[in-house]
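The structure follows.
Order as written gives the chain letters A, B, C and D; numbering starts at 1 within each chain.
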Amino acid sequence: MLKVSGLRVRFGVTMAIDGLDLAVAPGELFVLLGASGSGKSTLLRAIGGFVHPDAGRIELDGVGLAGMPPHRRPVNTMFQSYALFPHMSVAANIGFGLRMRGLAKSAIAARVTEMLELVRLRGFGTRMPAQLSGGQQQRVALARSLAPRPALLLLDEPLSALDRNLRRDTREELVRLQRDLGIAFILVTHDQEEALTMADRIGVMHRGRLMQVGTPAEVYERPNTRFVAEFLGAANVLSITLRDGRIGLSSGMTLHIATPVPADATWLAIRPERVIIGESDAPNRLSGVVVQRSYAGETLTHVVRLADGSMLRATAALRQGLNAVQVEIGDAVTLSWQPDACIVLAQ
Amino acid sequence: MIAVLAIVWAWLLVLLVLPTLIVLKIALSYPADSVPPYAPMLPGLHVSTDAFALILSDPLYAQALLLSLKVAGLSTAICLLAGYPMALAIARSPERWRNLLLMLVMLPFWTGFLMRINAWIGLLQDDGWINTIIVMLGLSPLRLLYTDVAMYIGIVYTYLPFMVLPIYARLSQLDGRLLEAAADLGAPPWQVFGAVTLPLSLPGVWAGVLLVFIPAAGEFVIPELLGGPQAQLIGRMLWQEFFQNGDWPTASAIACALLALLLLLPAALLRVGRTTLSRRSS
Amino acid sequence: MIAVLAIVWAWLLVLLVLPTLIVLKIALSYPADSVPPYAPMLPGLHVSTDAFALILSDPLYAQALLLSLKVAGLSTAICLLAGYPMALAIARSPERWRNLLLMLVMLPFWTGFLMRINAWIGLLQDDGWINTIIVMLGLSPLRLLYTDVAMYIGIVYTYLPFMVLPIYARLSQLDGRLLEAAADLGAPPWQVFGAVTLPLSLPGVWAGVLLVFIPAAGEFVIPELLGGPQAQLIGRMLWQEFFQNGDWPTASAIACALLALLLLLPAALLRVGRTTLSRRSS
Amino acid sequence: MLKVSGLRVRFGVTMAIDGLDLAVAPGELFVLLGASGSGKSTLLRAIGGFVHPDAGRIELDGVGLAGMPPHRRPVNTMFQSYALFPHMSVAANIGFGLRMRGLAKSAIAARVTEMLELVRLRGFGTRMPAQLSGGQQQRVALARSLAPRPALLLLDEPLSALDRNLRRDTREELVRLQRDLGIAFILVTHDQEEALTMADRIGVMHRGRLMQVGTPAEVYERPNTRFVAEFLGAANVLSITLRDGRIGLSSGMTLHIATPVPADATWLAIRPERVIIGESDAPNRLSGVVVQRSYAGETLTHVVRLADGSMLRATAALRQGLNAVQVEIGDAVTLSWQPDACIVLAQ
């Protein structure tokens, strides 16, 4: 339904968006993931009509949006930090888009009540935004942008202003709402965990380009570049050499991998949770000394120094609690991983 | 910190409140043929309410006061209509132009009050520039100088910066994302203005209205130099009592009455503003 | 948007720049015994530089200009020394008091210019309140009215609000955590002020200095009413040329010279300010 | 070295700190963890001297700090959002505390150079704060607060303004620096992961009180209240009943637990990563239906509806990748957990 092709946006001398293609399906929850300055908000603003592209097309259901001012586009935005009208009540905020469409008062009131129910704020209609908590403001902003029944909802860091625990709960709520309504969402975030848990598909942005587009498991388990591998979760990255069509590490070890070796293979990435300390039947084995450990409640990460001085991180879930862990700092350990844990990267 | 605060309060009292009290005191003394032209009363306490009785009994004063309020109100309205778009345009200008534009707005304030009036006389008089142009176009010349039109032009021109600056200050602080949110929700530009920009700039509007209305209500030089003889404003009567009649107690009583009215006005306006706002939001 | 901007620029030009140009035009015309007292020159173009030649050749004008700059400079300095602590105290006051305090600072602006001068005459004259108190204390009375002291009091009193407001605006925006950070790093209160508060309020100080200095340099009423006859300021000479001598071209030429000087001054001050700042930070 | 006893701070009618005792050892990295409004920043400000307690004592190395103004206290603060002086260069910012102590110019210059090296900003001394990135500003703020060699450093959300990836790296760097310098840190955060990975000990704050103080493993594995259990990481909480000195669930199942049963036991908390789906020898067993799953790259969480309608979350590390997981939504599964995974709570 949304189709972006060849989009370019230039701010002065910098290319904010540099030749970008994207297609979002009806009812899809698409997450744009990137660091600040990657161009993800600019893309959202170009779709919303607040930024004028220098080249390229944006089409919604086959209709080109070029030259259409923001107030004519059948797209709504939920702004970062919400941009609630401070001089209007919650009900007036939610009903704003409906008033602008010239709906009858009774129809507006009915829809506002419906939206208040939807975001679990029944009875809050007469409050002013300043009287609400951060989480309540977030829900009002969501209700306001959903009230005019947009064909596509753009969400700019919708959870970034919330406390960590509230963020986790709101995440699930937002996904459930999106599924129920069937409206396509494009959600911008810099938080990888948010992207992985919420998205149907993720687009990883970097320097105005989409580096990779795919399902959460695709971009996490099969990143196509070193950048994506390191940006989405932690990754051990080792440099590799090609010998007779096989991959070798600097330590001399020859790798067992599950996929054909690309000709331009340069890096090997391994996720820390795929690295096993101690007993295992995995064919890729190295030894080293534990130099540091980091406890995170759910998991324990050991940092192991290899013979050549490089560091490898191994993360284990604490299924039996911290006391069950036998490895101490200073211990010599064997590290191993399965062939399918190897991510071979060209760049 | 508390000591500093106490000193400053004392300072405010001496510098600002005391002169006001002195004016009140003069208003309550007897006129005299001395220099200054009122009976000193510091040693004894001979209070006279004659001056207040006079200005309350003679309808001339009440008429002048009403006329002053009308002139000030109309001038304020014109300043608002002219100043709001200026403030808005400056606030929407690129950052690097804003200070230049603000300096231009302040320019009349810098060129010296007298010279500005001087310039307007040159423009408005019977054989001045405007009439020269009118005559060149084959029309008959207009009487402009020493009319209400000239007086309003002078007042608006003088006080316009005081309307533009507070509105600009408010508009320049307006969160641009609110305007985008309104457009995003389907509001065309004029509705964005009416629903978001204007209501959120109202505090600046009220400040500008006060800053223009209050001095305009007491204005005496501009009506004297540009206005016609029928424009008997309260400030002009004060000037006459003071300089021409030498009746300081009456002049002071007029000043006190004006000050009292003008101190009540902000409170009234504030109440109107609040009512408007709360009606909007309900 | 572009159309709105164009309209506003045109508006600024007509309302603000044009009168200034008219003053320049009058300065360049011949004096005449007509009403207005200068030869109209719209149809033809008879430019006379006599008025500028006069004010450049007669040292009286240069002396008056220098004296004006001195009086304005000293008044500005006094306003700064008195106004900064007031602005600081208001900015540090509890939120709910601030508007009241700001209104008090604005009070002189509301009581009518003439009445304020009036009050000061009552205080300062030979048998006024101050001298009455001095005599009661057994001392001999002082000559206060029609002296430089009276003139400075009048100017400072009149322009103080223009110094307090921009400094207050700056101080009220100051991030309180910077003050805490300085104290945390071992700075006692006076060092917090010197190292953080003062340097960060400098833009407000420069604004206040400009807002006081510029009108004070052209002031004519206060020296006339409170000052002695020796205070021949440039604004007073302008007034005399205009009203007493009826020599509008010369009066306009003085106004133009003053305006040119005052337009150069902010640039010079700005450069001083920048140099100071960059020296500090290096 | 730092000893806080019976501290009370009242703001108007609310008790920001309500009778708090705390002792921090020399060289310790103590983390105050709490949601916004829990009083953790107020406690920091009371130690720094910016808030005046209504009751209680604060002692540093045996000296009471009551009535001592902030500029006399041998304690420095690294402020949230840094509070760098915008009109001073980086070097002038770092040297500020030393100038206030009246050190000689040469001594100040030497110490500033040393601090710039320490935070890896050599050559940045002449820059202005506005010319620095967020991460660089963070390091300048740290250097500035460390330059006067404080006996105790207070850090108010030192990492909250950084991007997620930068935050993870900075965390380890900060801990290493603290170990090297041996200065006691009190660090305030609302981020549980930050607290668990960095702290020697954590104090969990709630409504002006310290709910629990202990090592990361203590507060995570043995929380003393339902609040602490749910605030630190995810937790399944089930209500329990006591029968004949044994604990029963509402489903009727009797629990095997590793500790004696407290008389006032009310809740059972189980960490999701301790719940096993499928084959296991764990004695606590329940069955249910998978209703939802949430992928987070490193882990996969299944939400299982039990027979009585309550939900239980089970999180498994993806050691073999997503493809190795056999469980689908709608599957009937058996859940089990070990006795020592049971956290029995009174409140």
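Criterion: contacts are C-beta pairs under 8 Å (C-beta built on N, C-alpha and C of every residue); 3 or more make two chains touch, one makes a residue touch a chain.
Just so you know, these numbers come straight off a predicted model, no measurement behind them.
*Asks:* Averaging over Cα atoms per chain, report the distance between chain B and chain C in Å.
*Replies:* The mean C-alpha positions of chain B and chain C differ by 19 Å.
*Asks:* Taking each chain's centre as the mean position of its Cα atoms, how many Å separate chain C from chain D?
*Replies:* Once rounded, the distance between the two centres reads 57 Å.
*Asks:* Mind checking the centre-to-centre distance between chain B and chain D? Centres are C-alpha means, answer in whole Å.
*Replies:* Result: the chain centres lie 58 Å from each other.
*Asks:* Using mean CA coordinates as chain centres, what's the gap between chain A and chain D in Å?
*Replies:* The separation of the two C-alpha centroids amounts to 24 Å.
*Asks:* Could you list the positions in chain D whose residues touch two or more of the other chains?
*Replies:* none
*Asks:* Could you pull out the residues of chain B that touch at least 2 other chains?
*Replies:* There are none in chain B.
*Asks:* Draw the chains as dots and join the ones that touch; what shape do you get: line, ring, star, complete or other?
*Replies:* Drawn as a graph, the chains make one closed cycle, so a ring.
*Asks:* Which chain pairs here would you call touching?
*Replies:* All touching pairs, sorted by chain label, are A-B, A-D, B-C, C-D.
*Asks:* Where on chain B does chain A make contact in their complex?
*Replies:* For chain B paired with chain A, touching residues are 175, 177-178, 180-188, 191, 195-196, 199-200, 277, 280-282.
*Asks:* Where on chain A does chain B make contact in their complex?
*Replies:* Residues 48-50, 69-72, 75-77, 79, 81, 83-89, 92, 96-97, 100-101, 126, 128, 144-145, 148.
*Asks:* Okay, in this complex, where on chain C does chain B touch?
*Replies:* Residue list for chain C touching chain B: 1, 4-5, 7-8, 11-12, 15-17, 19-20, 22-23, 26, 35-36, 40, 42-43, 82, 85-86, 88-90, 92-93, 101, 103-105, 107-112, 114-116, 118-123, 125, 127-129, 132, 157, 160, 214-215, 218, 220, 235, 238-239, 242, 248, 251-252, 255, 258-259, 262-263, 266.
*Asks:* Using the touch definition up top, name the residues of chain A that touch chain D in the complex.
*Replies:* 35-36, 163-165, 168, 172, 190-193, 196-197, 216-217, 220-221, 230-234, 271, 273-274, 276, 294-299, 315-322, 338, 340-341
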